[in-house]
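These are the structures, in C-alpha cells.
Here subunit A shows up in two complexes: once beside subunit B, once beside subunit C.
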Partner chain A sequence: MPTIIIDDREIEVAPGTKVIEAAEQLGIMIPRFCYHPALGSVGACRVCAVKFLQGPFKGVQMSCMVDAQDDMVVSTTDKEAVAFRKYVIECLMLHHPHDCPVCDAGGHCLLQDMTVSGGHGIRRYLGKKRTYPDQYLGPLIQHEMNRCIHCYRCSRFYQDFGGYHDLGAMQSANQTYFGRFEEGILESPFSGNLIDICPTGVYTDKPSRYFGRRWDYERSPSLCINCSLGCQTVVSCRYRKVVRQEARLSESVNGHFICDRGRYGFFYNSLAQRPRSCIVDDQTTSVDQALAAVKQKLETFADKDRAQAVACAGSTRNSLETLAMVKHVCQTNRWQPPAYFEDAAATYKLKSAISRLEPDLTVSLREIESADFIAVLGADPLNEAPMLALALRQAQRKGATVAVFDPRPIFLPFEFKHLPANLDMIQTDLGALLNAALEPAALKKLDGSAREFYASLATVKQISAARQAEIVALAELLKASQRPIIVCGTEMVRRQTPALAADYALLMQAAGKSVGLFYVMPGANGFAAGLLADEDVSVETLIAGIEKGSIKMLILVESNPLWQFPDRHRLEQALQQLEVLVVMDYINSEVAQKADIFLPTTTLYETGGVYVNQEGRAQGVKPAYQGGIPIAQTGHGDHPPRVYGTEIPGAEPQAAWQLLAHLIGTGQPLTAEDLRAEIWQWLAKIDSGFKALPCVADIQPQGARFFQAPHAAERFLRERPIGGADNDGQLEVMAVEMTFGTEELSADSACLKALAGSPVIFMYSSDAKQLNLTDGDRVSVELNGGAVEARLQVTANMAAGMLIIPRHKDLDWQKMNTDKTFVHKDQIRKLKD
Partner chain B sequence: MLPDKLKKTLEKQIAHTDHPRELVVDAMLALQDHYGYLSDAAVEEAASLLGMSALEVEELATFYTFIYREPVGKYVIHVCDSLICWMDGYESVKNYLCEKLNIEVGGTSTDGLFTLLPVCCIGYCDQAPAMLINRKVYGDLTPEKIDQILEKFRSEA
Partner chain C sequence: MNDAVEAVKALAIGFATTFKHLFRKPITEEYPEYKRPLPARSRARIILTRDPDGAERCVACYLCSAVCPVSCISMQSAENEDGRRYAQWFRINFARCIYCGLCEEACPTSAIQLTPEFENCENDILALVYEKKNLLVDHQGKDKEYNYYKYAGVATEVGKKGEHVKEERPVNIKSNLP
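Take a look at the complex of A and B:
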C-alpha cells in the first residue's frame, strides 16, 4: 500500500489510486474538469496540476494521471502549480460566454467554482469569442454549446460508459463540438446524466429550465420508485412543487447515475389533475366526513361473518408503512387477506425469490459491475430496470460475458449473447450451460437432493441443435469464470424459475465459484409486498370473490388494477358488482374515478417512507416538502390568491397508512410517529427479518439489508421442467414492460411521452413470414377480450412462437386471460394503412 | 446513391477486416472521390457500410483535414500552415494564393476550380514553403512558381 505525502499530510492508499483521489481522501479537493470518479482520468483539461516535490516524478504534473507511490511528496499549494492552474482556467474561460445570470447551471457550476478558486478574476482576452449553433436534443436536455470548455465528460459518459453512439465530439482543436450528427431526441435512456456530469451549463435540465437557482430549492435525499432497483436521488422542490430530480451517489445501488425514467418519473406528484380532496358519491367532502362515510359502510359488515365481505388491496408502489398497514387493517378487522399483486403466481414467485436470497448469494447492483460472467434469465434489463443494463455494461467493459436467456427482443447497449427461447426453454438452456460448464468432480461436496438436481440438468445434446454450439462456447467462458452472477426476472417467468435460478447459483457455488444472485422484481416495493402477501391471494382472487358475491366492499390503497390487470372486461364487470368501492390514491387513476368514496393520499415526496428494493435493501426517505397545491396552480400562473389562511392549500391528503389507521377500532388515532413505531412492531411479528430494519428516521444512506431466516430445506426441491409444451402452432402472448410508457407513475410525465413512442407488437421473423406479414404492417390481434391493433415489428432477435405486446399506455392490451394467453395464427390479421 | 460496383468493392474490403472500423478512413475517401466531397448522405452510407453510427463517422470526418464535408473545387490546394513553412514564407505564399485566386482561406474560386485550405505539416519541411494540390506536393514555392502551377491546372481543366 503506497504512502504519499500531500500538503504535509501523509496518507496510505490502495495501489492504483491516483494522486487526485488520494488528495480527496485527505479532504483536499484538487480542481478538476475532465476527471470524474466514474469515468476515470484522461488528462485533457490540465486543471488538476500539482507540484511533485520528491519521488519518482518532479515538477508540475497532472494529479489525475499519476498513481500515488511511495516516497511521493506533493504540494497542491506550490506557487508554480497555483499559477499553472490559474492560466489553464484563464484559457478555458477565453470563449466562455459569461452568461451565468441566464444559465441554469449558475449556482451549481463546477466552472464557476474552479474559476473563482483558481483566482482568475479579471478578463484579459479582448478578442472575438468562438460561437456555436445549439442542437435540439429532445424534451429532456437543453443544449448550449457556447459554454463548453471541452472536458469530454459528455462524450465519454455517453459513449464509453453508457454505450450509445449518437452523441460525441466532432471537429478538432478550438472548434471541437459536442452534439449529434443531426438534431433529434437522444437515444440513450441515460441521457439525463449529461446534466449532472457537465461541469458547466452545456447540458441543462429542460423541464425545470428557468425555474430557480439551486439555492432556491428545498433539496433533499430521495429515492426513485419507478422500478425495483431503488436508485438514490436528490429531489429539488420549490413553490410547493417537485421541480427536478438528480442522481445521488450510492456505492451500493446506482453509483453516480440514474436512468431517465427515474429522473423524470416524478411529475405525477404535481399534476393539476392530482386529486386533492375527498369525494363521497360525487360530492367533495372533508377527510373526516369521507372517513365517516367509509366507517358507516363498514358498519354494515361489522359482524364476524360479514367482515369477510370486505377486501383491501395495496400495490408495489405502496411504502412499507402502507403495505404493513393494509395487512394489519385486514387482519384486525377480519377482512379478506390483502392482495398486492394482479395474479397469485406473482406472489408465489416473489416469495420463492425472497426466501432464496441468502446473505452469501445476494449481490447489490454495484457488485454486478465486478462480475466476470452474467447469465440473465427471464429479465429484460433495459426495459424492466434500466440501471441494471448500465451496470451490466460496466461488467462487460471489464471483460465479463453477458448471456441473456429470454424470449423478448432484448437490446443492451453493449455486445452480449442473446439466446432467445420461450419461457420454458430458457431455464433448460441455462441448465444445459451449467451442466456443460461445471466439472462433476468439483461437485462432490453436494448432498443428496443437490446431486439429484445436478443429475437432472439437461445435457447439451438435449437442447436444440442450433443452440448447442452457442452453449458449448459459453460453457468454456463460464468454466473459466471466478465471479459469475445469475440475474433472474420474477415477473414474466414461470412459477419455478426464480427458485431454479437460486439452485443454479448454488450449484456454481458448490463448484467453487464466488456466485451472486440478483432478482429483478415488479414495482418499487415488490420485495416487501411479496413478503407480506398471503399466498394464493391476488386481485384475481378478489375478483373471483366479487363474482361469487362473497366480496361486497373493496378498498384499493394506491392500487390501480385497471392499469395492469390483464383482463380488463372481467375486472370492470366485477367493480360494477361491488356495493362499495373505496379508493385511496395520489394519482387520478381510472379506478379512482369509479370510486364511491375517494380519499387522496400523499406521495413519497410529501410523507417519505421505506421502500425495500429487489435485493432486500430497505431504504428510507424523509419528506422533501410540506405538500399542497403548487403555487403555479393556485395562482393560475399569476400571483397566488391573497387570501388569509393558516393552512397550506390542497394539503388535505394524508399518508395512506394514516388514513387506514382510522379504520381500526374506535380509539383516538395515534400520532404519525407513534403509528410508525407501532407499524414496526407489527412487522417484526410478521417476519423476524424486520427486526433488523431500523425505522425510517434511522435508516443509513446505504439502507439496511433484509434477510429471511434460512430455509435450507427448500433448496433443490422444485419441479424441474425440461423442454416446453408444443403450442400447436399458436403464439404465446406476453405483455411486457418497456423503458418508457408502461410504468404507471412515469407514464404521467409529459416530457417522457415522446420517448415512449407509439406502441408496436413484436413477432419473430419466420412466424411473420408464415403469416405473410412484414415489418411495419398494421396488424390486428384477436385476443380473448377483443382485438388489439398496432404496428408490427418483425425481428429475428426473439423467440419463435411468441407475440410480444408492450403494455403501452396508448394500447388497450388488457384483453388477455389471467393465465397464459395464446393466439392462433389466424387470429392475427393485416390491416389496411 | 452509391453505385453498386463501388458499394460491393467496399463491402468486400470491409468483410476482410477483423474490425470494420479500421477501414473508416478508406471508406470515407472512396465515397469522397465518388461524390466530390463527403456529403451528409455519404456519411450515413459509410456508417451503414461499417456498422457504425453516423455520429461516429462524423467525429472522424470532421477531424481529418483531407475529408471535405462541403463541396470543394476541382483542385484542392492545401497550403502548409506549420512551423517550418512559417519560418520559410508561409504567410506570403498564403497571401499570394488568396490574392491570385481572389478567395479567402477556406473559399473556392468563382470558376469552381480551386479551393484553398490550410494543413498542419505535410512532411515536406525540406522544401518549405510547400503545398499539396490534389494530394501531390509542390515545394520551394515562389510567386512565379505558383503562377506556373495554377496556369498549368487552369489549362488542364
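Take a look at the complex of A and C:
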C-alpha cells in the first residue's frame, strides 16, 4: 500500500490509485476535465497538473496519469503548477464562443468553474476564433460544438464504455470534432449521459432546453421507476414541474450512469392532461365527496357475504406503501384478495424467483461488472432493463464471456454469444452447457438431490446438432470461469425457468464456483408485489369473477390493465359488466377514463415512497417538490396569474395509500406519518424481512437488501420441461418489451416517442423464406382476437418457429388473447404497400 | 466697551445679510412643479432595453434574478423560432426592489438597466408587480451599441456559425487537412 504526501498531508492508498484520486480521498479537488472515475485517465486536457517535489520523478506532471507511489511528495499549490494550470485554462478558452448566458450548462459548467478559479478573467488573445458546425442528434441532445475543449469524455463514454460507434472524433489536430458522420438520432439508449459527463455545454439537455439554471432548481435524490433495476437519480424541479432527471452515483446499482428511458421517463408527472380532480359520474367533485361516494357504494357490499363482490388491483408501479395498503384494505374489509399481476403464472414466477434469492447467490447490478462468465436466460437486457446491458458491457470489456439464451432477436452493444431457441429449449441448452462444463470430479462432492439434478440435465448430444459445437466451446470457457453469473428473466419465460436458473446457480456453487444470480423482473416494484401477491389471484381471475357475476365492484389502484393485459376485448367487456369501477391514478390512463369514480393520486416525486428492486434492494425516496399544477400551465405560456394566494393550485391529489386508508373503518384517519409507521408494522408481521424498512424510508443511500425470512424453498426441481417439441408448422407469438414505447410511464414522454419508432414484427429468416416473405414487407397476422398489421423484419438472429411482436402502442398486440399463443403459417399474409 | 461694539457689529452684519436675501431670487426647486433632470446613471425604475436592431436584448439567462439580494426578479426563459433565447415572461416586484443596481451590473447583454425615473408609487401593491410588457422599452438605454448576438458564437438570425465578430469560417469536419 503506497503512502503519498499531498500538500503536507499523508495518505495511504490502494496500489494503482492515481494521484488525482488520492488527493480526492484527502478532500483536495485537483481540477480536471478529461479524467472521470468511470472512464479513467487519458491526460488529454492538461489541467490536472501538480508539482512532484520528491519521489521517483520531479517537476510538473499530470496527476491523473501518475500512480501514487511511496516517497512521493506532491504539491497542488506550487507556483509552477498553478501558473501551468492557468495557462492551460487560457489556451482552452481561446476559441470559446462566450455564450454562457444562452448556454444551458452555465451554472454547473466545469469549464466555467475552472476558468474562474484558475484566475483567467480577462481575455488577452485577440485573434479569430475557430468555429464548428453543429449537428442534429435526435430529440434528447442539443449539440453546440463551439464550446468543446477536446477532453474526449464523450467519445470515450459513447464508444469505449457504452459500446456504440455512431458518435466519435473526426478531423484532426486543432480542428478535432466530436459528432456523427451524418447527423441523425443517436443510436445509443445511453446517450443522455453525454450531457452529464460533458464538462462544458457541447451536449445539453434538449427537453429541458432553456428552462432554467441549476441554482434555481429544487434538486433531490430520487429513483427511476421505469424498470425493475431501480437506478438512483437526482430530480430537478422548478415552478412546480419536474424538469430534469440525472444519474446519481450509486456503488451498488447503476454506477455513474442511467439509460435514456429512465432519464426521460418522468414527463407523465407534469403533463397538462394529468388528472388532478376527483370525478364522480362525470362530475368534478372534491376528494371528500368522492371518498364519500366510494363509501356509499361500498355500503351495498357491507355484509360478510357481499364483501366478496369487491375486488382491488394494484400494479408493479405502486410504491411499497400502496402495495401494502391495497392488501391491508382487502383483508380488513374481507374483499377478494388483491391482484397485482396480469396472470397467475407471473405471480408464480416472481414468487419462485424471490424465494430463490439467497444472500450468498444474489448479486447487485454493479457486481455483474466483475463476473467472468454471464449466462443470460430468457431476458433481453437492452429492452427490458437497459442499464443491465451497460453492466454486461463492462464485464465483457474486462474479458467476460456473455452468452444469451433467448428466442428474441437480441442486440447488445458488444460481442456476445446468442443461442436463440424457443422458450422450452433455452433452459435445456443452458443445462447442457452446465453438464458439459462441470468436472465430474467436482460433482462427487454433491449431495443427493444435487447429484440427481445433475444427472437429469440434458447432455450435449441431446441438443440440436447445430448448437453442439457452440455449447462445447462455451463449456470450455465456463469451466475456466471463477465468477459465473446467471441472469434470468421472469416475464416471458416458462413457469419453472426462474427456479431452474437458481438450481443451475446452486449446481455451479456446489461445484466450487463463486456464482451469482440476478433476476430481471417486471415493473419497478415487481419484487414487493410478488412478495405480497396471493398465488392464485391475478387480473385474469378477477375478470373471470366479473364474467361469472361474483365480482361487482372493482377498485384499480395506480393500475391500468388495459395497457398490459393480453386480451383487450375480454377485459373491456368485463369492465362494462361491473356495477362500480373506481380508479385511483396519477396518469390519465384509458381505464381512468372509463371509471365511475375517479380519484387522482400523487406521484413518486410528490410523496416519495419505497421501491424494492429486482435484487430485493429496498430504496426510499423523499418528495422532490410539493405538487400542484406547473406554473407553465396556470399561466398558459405567459406570466403566472396575478393573484395572491397561500394555496397551491391543483394540489388536491393524495397518495394512493392515504386514500385507501379512508376505506377502512369509520374512525378519524391517521396522519400521513402515523399511517406510514402503521404500514411498516403491518408489513413486518407479514414477513420479518420488512423489519428493516422504516430506516429505508429515511433514505439510506444504498438502500437495504431485503431477503425473505428463512424458509424452505424447494431446491433442485425434479419436474422440468424438456423442450424441443415441434409446433407443427405453427409459430409461437411472443409479445415483447422494447427499450422505448412499451413501458407505461415513459410512453407518456413526448421526446421518447420519436425513439419508439413504428412497430415491426420479427420473423426468423428461414420461416420467412418458407412463407415467401422478405424484410420490409407489410404483413397481416391473424391472432385469436383479430388481425394485426405491421412491417416485417426478417432476421437470422432469433429462434425459429417464433413470431416476435413488440407491445407497441400502435399495434393491437392485445388481440393475442392469452400470453401463449400460436399462429398457423397461413394466418400470416403479405399486404400490398 | 470694545466687546459691546463687536457684538453690535456682528448683529448688524447678520441682519444686513438676511435683509439682503429678502430681495434675492429663491434657489429652492419646487417638486413636483419643477422636475430636475437626474444624471443618467442614477438608479430607479428598471427597464428591459432593445439592441440597435430593435430585437429584445434580454436572453433570460437568470443572472439578474440570481444576483438580486431581495429576490424581486423572476422569469421564464424559452427559445424563439430563430434560435434566440428570450424571456417568455419577466416579472419584477418593485414593492420589493431596493434599486441597488446589481442586476444591471450582472447583465451580460446590457438588457436590464436602471433609469432615473423614480416616480413609481402605487396605492395597490399588485400594481407594483411589473410584467414584461411594462418593462420592455423601445430604445437602447445607456448602451447604444452592444448587440450580444454579434459576439456570442451561437447561430441566430444575427449571424450563422463563423459570421460573428472575429470568427473563422466553420471547420470542414469531413476533411483531415489541418
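Just so it is clear, the second predicted complex is superposed on the first by the 819 of 833 C-alpha atoms of A that agree within 3 Å, B and C clash if a C-alpha of one lies under 4 Å from a C-alpha of the other, contacts with A are read in each partner's own complex, and residues count from 1 in each chain.
Methods note: a contact is a pair of C-beta atoms (placed from the backbone, for glycine too) under 8 Å apart; a residue touches a chain by one contact, two chains touch by 3 or more.
In this text the structure is predicted, and so the values were computed from the model without any measurement.
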Partner chain in contact with A:His639 - subunit B first, subunit C second, else both or neither: second
Subunit B or subunit C, by number of subunit A residues touched: C
Which superposed partner A:Trp215 touches (first subunit B, second subunit C, both, neither): second
Touched partner set for A:Leu271, first subunit B, second subunit C, both or neither: neither
First, second, both or neither for A:Val82, with subunit B first and subunit C second: neither
Subunit B versus subunit C as contact partner of A:Val102, first or second or both or neither: second
Partner chain in contact with A:Met170 - subunit B first, subunit C second, else both or neither: both
Residues of subunit A contacting subunit B in one complex and subunit C in the other: 170-172, 177
In the complex with subunit C, residue positions of subunit A that touch it: 97-102, 106-107, 126-134, 144, 146, 170-175, 177, 179, 209-213, 215-216, 239, 631-632, 635, 637-640, 642, 644
Subunit B-touching residues of subunit A, taken from the complex the two chains share: 165-172, 177, 180-182
Contact set on subunit C toward subunit A in their complex: 59-63, 65-66, 76-79, 84-85, 88-91, 108-109, 126, 129, 131-132, 148, 151-155, 161-162, 166-176, 178
Residue ranges of subunit B in contact with subunit A within the complex: 40, 43, 52-56, 58-59, 62-63
